[in-house]
Amino acid sequence: MNGTPQCVSLTTDYGLADGFVAACHGVLARLAPAVRVIDVTHLIPPADVRRGAAVLAQTVPYLPWGVHVAVVDPGVGTTRRGIALAAPGGLLVGPDNGLLIPAAEALGGVVAAVELTNPAWLGPVVSRTFHGRDVFAPVAARLALGAPVAEAGPAVDPGTLVRLPEPVVHAADGVLRAEVLTVDHFGNVQLAAPGPLLDGLPSRVLVNGHEAVHGRTFGDAPQGVLVVYVDSAAQVAVAVNTGRAADTLNTAPGDLVTITTP
Amino acid sequence: MNGTPQCVSLTTDYGLADGFVAACHGVLARLAPAVRVIDVTHLIPPADVRRGAAVLAQTVPYLPWGVHVAVVDPGVGTTRRGIALAAPGGLLVGPDNGLLIPAAEALGGVVAAVELTNPAWLGPVVSRTFHGRDVFAPVAARLALGAPVAEAGPAVDPGTLVRLPEPVVHAADGVLRAEVLTVDHFGNVQLAAPGPLLDGLPSRVLVNGHEAVHGRTFGDAPQGVLVVYVDSAAQVAVAVNTGRAADTLNTAPGDLVTITTP
Amino acid sequence: MNGTPQCVSLTTDYGLADGFVAACHGVLARLAPAVRVIDVTHLIPPADVRRGAAVLAQTVPYLPWGVHVAVVDPGVGTTRRGIALAAPGGLLVGPDNGLLIPAAEALGGVVAAVELTNPAWLGPVVSRTFHGRDVFAPVAARLALGAPVAEAGPAVDPGTLVRLPEPVVHAADGVLRAEVLTVDHFGNVQLAAPGPLLDGLPSRVLVNGHEAVHGRTFGDAPQGVLVVYVDSAAQVAVAVNTGRAADTLNTAPGDLVTITTP
């Protein structure tokens, strides 16, 4: 682990049906042909900055030291800033709308921030609606080649960076109440609560009033039964063995889930 | 920019749920292991040659000089020709059904065309239904390794290549009428009209009778309001700020959109 | 073709909307940065081991000699074994639930099997629910670097490996009855029957009572008409020219299809 970029990662809401992702890959391949590019996902729901922030933050710890580009950017082309952040564990590039902060914290915290205004670092023409291709990918390529962050533009006071609101997490007296952070492909419901908040709960609990097993993996509950566990991102989560907990609980990101002792 | 292939790109309607795309990657990796492969998209709607042609043409200008394989090919295994086209900005490989022509034009125009009949260039067994794997990928690998196009098969008169019909574009007297070329992941409606046809329109216009802002990016309109702008492919487009213009206009590729002065 | 891994392939039911696939790519890139990674698909329906097995088996023959990781793993974290299999044509890594066997057979048959219990080969922390990232990717990286399979853990008697039930295939007296193995992106219905079972059938047949052409490619039938053919995986399949056979036949994997002479 060190400060030489070994990959560029991409996290966007561009979808996979257009040429948007490939255009970003193309810009990177032209400017930094030797750099490996890893797609995190391009299926962040359009403009869902919170979801993008959560997926990125939970994935970057497993990627090589690198430059992580994220674009969920409903304000593209307006006065919102384009930024690069430096953290001990990597660099982040994208819009200043809160998207990058949780990942920066997962990589050790923001140690420097700049606004992406150096015209020499951008594409030859900067469109008003596709900064992934015209701003963020060119900047990421230069960073991946080893150029210093400080050359990308003027320093930004980290205290002025836009941040997402903190999700609700409340634990007391054997009751854990927390906001749903993500629902994954399997319908597993991940809460904003860190795993240790499950300590001390008994082997049978209630989740929004439904009976659930407090276990360690899906198969610890009978088929079709809820299981509460610490997931692979070290968050409290709720699953259904061979089912979809989000459907059983009828819940979605931003909703509150309450875990109680029967 | 020069004539040495630095990548192979893939654009298909194969979807992402089967092993079809990976089989093409595998053939390329076996024959040309050092060549970078960039996926443009594999979610062209099945058999939608026009959509494939538009996405490819708008993406190739941002890719490294290379070999661009496209397969949207309802006529696979019939008498339709497999072809390779040479353009100043790259090579194109796929079926002779109009799919490759707009991209060739975006890369400077067709300067040579051949029919892919050299058996030494094809896979060991050529199936009747999967020419991406058995014809186009093997040909692309050989071209990526630097073999000359002329060895892939006999020259084809470019005048005999199958072409898609030209889309409708009509501009006169402050009225712009144009066919919808694509609807992207965000529901943005891209017209066949090139961007300069917006010049001279006032800051408020009507799109199929709906009020719209003539702006430069999504945020130039209030939330939920239509905006007409020049998109990142330099085409006239219609969006809704934080919404889906295709839903607001109830329009799809091939439909006509009319922009008028109120 | 030889025994030096030239790629790692990934086949999962992880979907493309979360960071799961990227975390596996990241682990591979950290441990084996020079190895090419090919995504087969991540859209196996959740927990559909049979579908995963079929897609993998039909794709690996076209990939470079390598390490093929597959994760469709509803029993993750329970007592089901994690295994690596050696075949003449490649290595396979994943859960012991039948997923890997058809691919091993397509690569020449299982010649050795081990259980993945060597802690030195696994990730620093092994979660109970994400063995793709914490077990299978680290093992695959080490195998891709050339470490011997026997070091991954103790030998397993191949006779004890979990196997999927054999699909129904019955051919006699001009009647072919076979289970649907897969339905692809185009709605083409692939049967468990190998292609030679079509030999001797006349040019017109009935498929579940519907008239069909016995042909070689989609275009051998008029538009909208069923065609029975040998597909690109050398299996008997049913398509509709410019349509979806699975819809016409109202059939899905596991159903029986009967082809008869009119």
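A few remarks follow.
Per-chain numbering from 1; labels A, B and C assigned in written order.
The criterion applied here is as follows: a residue touches a chain if its C-beta (ideal position, glycine included) is under 8 Å from a C-beta of that chain, and two chains touch if they have at least 3 such contacts.
As the structure is a computational prediction, the values presented were derived from the model and not from experiment.
To overlay subunit A on subunit B by their CA atoms, one rotates by 120 degrees, a value rounded to a multiple of 5.
For the touching copies subunit A and subunit C, the fraction of interface residue numbers used by both falls below half; the interface is of the different-residue type. Centroids built from CA atoms put subunit C at 31 Å from subunit A.
Looking at subunit B, residues 16 sit in touch with two or more other chains. The touching residues of subunit B, when paired with subunit A in their complex, are 6-7, 9, 11, 16, 36, 38-44, 55-56, 58-59, 62-64, 182, 184-186, 216-220, 229, 231-232, 239, 242. The part of subunit B that touches subunit C in the complex is made up of residues 13-23, 25-27, 29-30, 33, 46-47, 74-78, 127-130, 133-134.
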